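Each chain carries a letter (A, B, C and D) given by its place in the written order, and its residues are counted from 1.
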Amino acid sequence: MWIYALKRCGLAVVIVFCALAALFALLHMIPGDPVSIALGPRATPEVQARYAEKMHLDEPLVVQFGIFVGNAITGDLGMDVFSERSVTLIVLDQLPFTIVLALAGLGWAVILGIPLGCLSAVRPNSWLDRVTGLVSVGTIAVPSFLVSIWSLLVFSVMLGWLPVLGAGDPGDLGDQIYHLILPAFAVGLGWVGYLARLVRASMLEVMGENYIRAAWAFGLPRRTVVYRYALKVAILPTITLIGIGFGNLLSGTVFAEIIFSRPGLGKLIFDMVMNRNFPVVQGAVLVTAALYVVVALVADLVVAWTDPRVRESL
Amino acid sequence: MSEPLLIVRDLVKHFPQYEQRILTKRQTGSVRAVDGVNLDVMAGETVGLVGESGCGKSTTARLILRLIEATSGSVIFDGVDVLNADDEALRRLRRQMQIVFQDPYASLNPRLSVREIVGEGLRIWGETADFDKRVGDLLDRVGLNRRFLDRYPHEFSGGQRQRLGIARALAVRPKLLVLDEPVSALDVSVQAQVLNLLVDLRDEFDLTMIFIAHDLSVVRQICDRVAVMYLGRIVELGDRDGIYTRSTHPYTQALMSAVPVPDPVHERERERIPLEGDPPSPLNPPSGCRFHPRCFKAETICRTEDPPLIERVGGHECACHFPEVSNVT
Amino acid sequence: MSASRSDIAAQATAARPFSERREKLMLLLANRQGMVGLVLVLAFFASAIFAPWLAPYDPNALDIPVRLSGPTWDHWAGTDSLGRDQFTRLLYGARVSLGIGVSVAFLSTLIGVTVGVLAGFLGGWVESVLMRLTDIALMVPPLIFLIIGARMMQDKLSGGAIWPLIFLVTVVSWMTIARVIRGQVLALREREFVEAARALGAKKRRIIGRAILPNLIGIITVNLTIAVAGAILLESTLSFLGLGVQVPTPTWGNMLDSAKSFIETEPYLVWFPGLAIVITVLCVNFVGDGLRDALDPTQRKT
Amino acid sequence: MSAAQSDGGGAPLLRVDDLRATYDTEGGVVRAVDGVSFELRHGEVLAIVGESGSGKTATSLALLDLLPKHIGKVVGGSAEFDGIDLTKLSAADMRAVRGARIAMIFQDALTALNPVHKVGKQISEMIRAHQRVPRSQAWERAVDLLEMVGIPNPRERASNYVHEFSGGMRQRAMIAMAIALEPEILIADEPTTALDVTVQAQVLDVLLGLRERLGMSIILITHDLGVVARAADRVMVMYGGRKIEEQTTEGLFANPQHPYTKGLLRSMPRLDSVIGDRLTQIPGAPPSLVNPSEACRFAPRCDFARPICDEQYPAQVSIGSGSQVACHAAGDPTWETNT
């Protein structure tokens, strides 16, 4: 088990490194003068010169990459040439907003979606199952930016129940939660249906297994069979998916952040891409990728720890 | 006696067990599925290969046809070295060696019609003259209606599918037919039909057959000679009567005694040789004689020394330090 | 002696009137959701193709006096801030959205199937390299990649080119199908009918063509439909962010983008293009689900 | 041959009467169990023999209301067990019977035991589902049971997962679970089919030993006539969802009555027969049970079929000492001489 965990960590490091290399290559593959491409035509000559020096643009690419990686390991993601702020700090400023939003969005989706899927699998073709089915297909078909716009339209503009913009007063927790409701709703809605559908399919498959039939044959109570026997197995693929989902949400919150004018990593990346401020993009993407890998790793380890068949084969 | 049609020498197949790394794999051990098999098959005879699950009998069959690559050893078919043949020579060899599989559901391509399944060999070898007639004749020959040409496998019962598999193998007029548990997935009443069909076809097509089964009674019905396998080795080899009435290897005897006979009076009086436990894993076979941990005769020498397969008592070959004739049926 | 009687008995139990293909068609037709989806999807395609004949106005005709009019008899879906007819633009937008959706689906399926079949069938280092590549591609957050990519190709996009979008969306869409196909090929490769084909002396190409690919058609079709839906979503997302197809060419995504500013006063501008996306994606998914039910052999009983 | 052999007299432990069960499939309604009646006496081993699709497994699943949900259902008949009709029990009452009074073991123990719970845990959970026993005590019982079915190092083994067991041990573990509450009836559905012959012999020995020790009755479902000869007191042969013959084991093998039984016995390759060139074969394949006609199910494959066989299903005829056969030709002297 520990060896497995170590190995997976090693793999995670390799993946982050690959992502890093790919990103670096992508940002440096653009033809033309890297300085004007990176900074755009609006940059003043001083800024351009400072940028070239900061990014070691006079060095060969490999050396640049080496410097970048070396700095990244020590937590230094470089300097934003426009604001003269450390990229690490810029990213860290935005990170909590995104993590809170992703947690809240996925959180309510998990709390609602898993029981829904479970119940509809236990009682297939009941009204609950039909409604869940409709909700699943419906929410999967609605892109999250539409959910954001429409929920903004309905709850803020038309009904006026919830605030339109921002993340709330930094000192006021209640206000922050108040501002979190709509974005979290928008971010999580698609996942409710997705999770419900997955849990339902997985439960139905498990409920058809021989050992469930045997459990009935041995007279085990319904609760034991459904929750301790079936759900424990059926939940495994869901854990992996939640891990991946959380990773995706670290960037997938971008719409909610743009539409609700909420600070966050996604909005940061989007804004910086639009401003062609690639050093910041580079840093932010790196942090996103690293988080993504870590979350996926945790999900894998949880699965391995829960499923003795997997644990054994390690 | 003439030269054997098939000569198998020291055939070995180890399936390496890998641990997946990022781009490479690391070997952690190997399953010794087949571990030194020697076998001669004369033209026109039917040799049975029996043993319990995991003893390597199906692997041996696939090795002989080179459907999987052997780790070492040699297979000489009709004077040609099968294991070292190049792609083209191997393709030509395969016309002469055909195989019928166990699972009548997995062995037929669900997307092809009967015409294309049975005629696949003819198509591959470009013998497309009178195609429908030739395929129809084959169907006739295995007891299926030739009007079935345009049907698909899922429309047939298990027994009929097995007939299709046999027809497909016969289409290229092979000399050697390897049958890998051809009837064990079938119901008893259908089993007899297929066994009888095989006997008829053997005579009509002058087939040499290797018949693989775990069911000793089925093998006894159809084979001239029988090889008993245990953990990747042949432990006893002899003609049918010898194996079934005068077996000398304790494993053969135990195996034979464990098969229940459908006769309550006889069955309840029979003496049984009980075997402890399950067959050990081929990943880590026991030292010395592989059967010794379960053997009722085992002594010190069995733990250390591996008995070779040589002719001993009873006129047939046996790999045991203490062979003794016994009739347990 | 019993041959004749056995034949009669065999034929009595073997008869099944329909061929497999017909049977699947019947199953698909029997799936109500799938049928409704199919009819609507075909209708959408037809209206996209015949947009120039169906549309009541020129998509780019400005009519400032009637700008931001809600739905009226003259303008069924209202007009935008420049007075362009929304309904016309929806029809023309369908051409771009569906066009990109279908192109991406075909391209990504082609890449995915090729990668999956090669990796699954050839195995060895080919498989290792291809699958590691797929894994890494899967780790890339698609949105971030699209945002960065579209921004870099912006001069091409501003010139009205659509191929950069098709290219970018394809790059993030082929991995799932590659993995699914590889899994299927691995399972198929071990099936005995593939072994039988080898035993008969079939060459690799024949085995892939006759034994492997025909057995993948079901799963390829299903994934193709689902890929269409996914590509439409990604395209509209990018266009909505202002990074996709550039105005004045209408797409559902950039119509929503321009409507953003009027959300408080003219909500219909947000509803119609949004509904077009949702209904299309929903219908395509219905078709996919219907196909899956019809093609999945575990759904059928013998 | 055993002390617990059928005592003949006394009320039967289980009396199944005209049991009917169906499966809904896309092809139509399958009449999987079509009017099956039989009795199970105290302490006897009753074998139900038949080919795949003959309804032998469906019969046992129907008894415990375990047919696949939403597909299979019991549509008629009764199954009287100790004064209660199993087919009319509420879900809760049925649960109290399952496992505790009638237990069942399945063919494939690997898939029939839960992969993510320890074997000992599963057994003790099953005990605690029926009895108020502290956790530790239930665990001790589980260890004892594993020992009783001949698993070496039971204390260690109880903490293993099922995939760490070999085939024979899995089946033993399932038997241990089934006998945990000393049920009156044990239904064993092909308990040895997936096992190698040498292991099969061990498992049969365990089962028969437990029968002696606990005095339970066993319904042994199998397609292997050798296993029947070895283990059963009485045999009931099923074909096409119906019972076609029932006899004592000795009677059936010595003097089979139904043409199908006769054919089956003759078509079986066996170790103790004289080797001839060909086996006697039953032509054709088993029938489809989707909307079957009223004809005898075996008629299309029967060498002795007569016009009446295609018209009506033969009634169950008693042929003395609890033996029954369902064949128009049975007891017909002219037919007897033909065979």
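Following the convention adopted for this analysis, contacts are C-beta pairs under 8 Å (C-beta built on N, C-alpha and C of every residue); 3 or more make two chains touch, one makes a residue touch a chain.
All figures in this text were calculated on a predicted structure; none of them were measured in a lab.
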When you check each chain against chain A and chain B, which touch both of them?
C, D
Leading the contact tally is the pair B-D
Using CA atom averages as chain centres, what separation in Å is found between chain B and chain C?
48
Chain A-chain D separation of Cα centroids, rounded to whole Å:
53
As a quick test, compute the distance in whole Å between the mean CA positions of chain B and chain D.
32
Do you know which chain D residues sit against two or more other chains?
281, 283, 285-286, 301
In chain A, which residues are in touch with two or more of the other chains?
none
Multi-chain contacts only, two chains or more: what residues does chain B have there?
22, 157, 160, 193
Residue numbers on chain A that touch chain D, as the complex places them:
124-125, 208-211, 213-222, 224, 228-229, 232-233, 306-309, 312
Please name which positions on chain C make contact with chain B in the complex.
3, 6-7, 10-11, 13-16, 19-20, 128-129, 132, 191-193, 195-203, 206, 210-211, 214-215, 217, 297, 302
If we count contacts the way the header does, which residues on chain D are in touch with chain B in the complex?
1, 51-52, 166-169, 196-202, 205, 223-230, 249-250, 253, 260, 263-265, 267-272, 275, 277-283, 285-286, 301
In their shared complex, chain A is touched by residues of chain D numbered 64, 66, 68, 70, 95-100, 103-104, 106, 108, 111-117, 125-126, 129-130, 161, 163-164, 174, 177-178
Could you please specify the touching residues of chain A with respect to chain C in the complex?
15, 18-19, 22, 26-27, 30, 137-138, 140-143, 145-146, 149-150, 152-153, 157-158, 247-248, 250-252, 254-255, 258-259, 266, 269-270, 273-274, 276, 281, 285, 288-289, 292-293
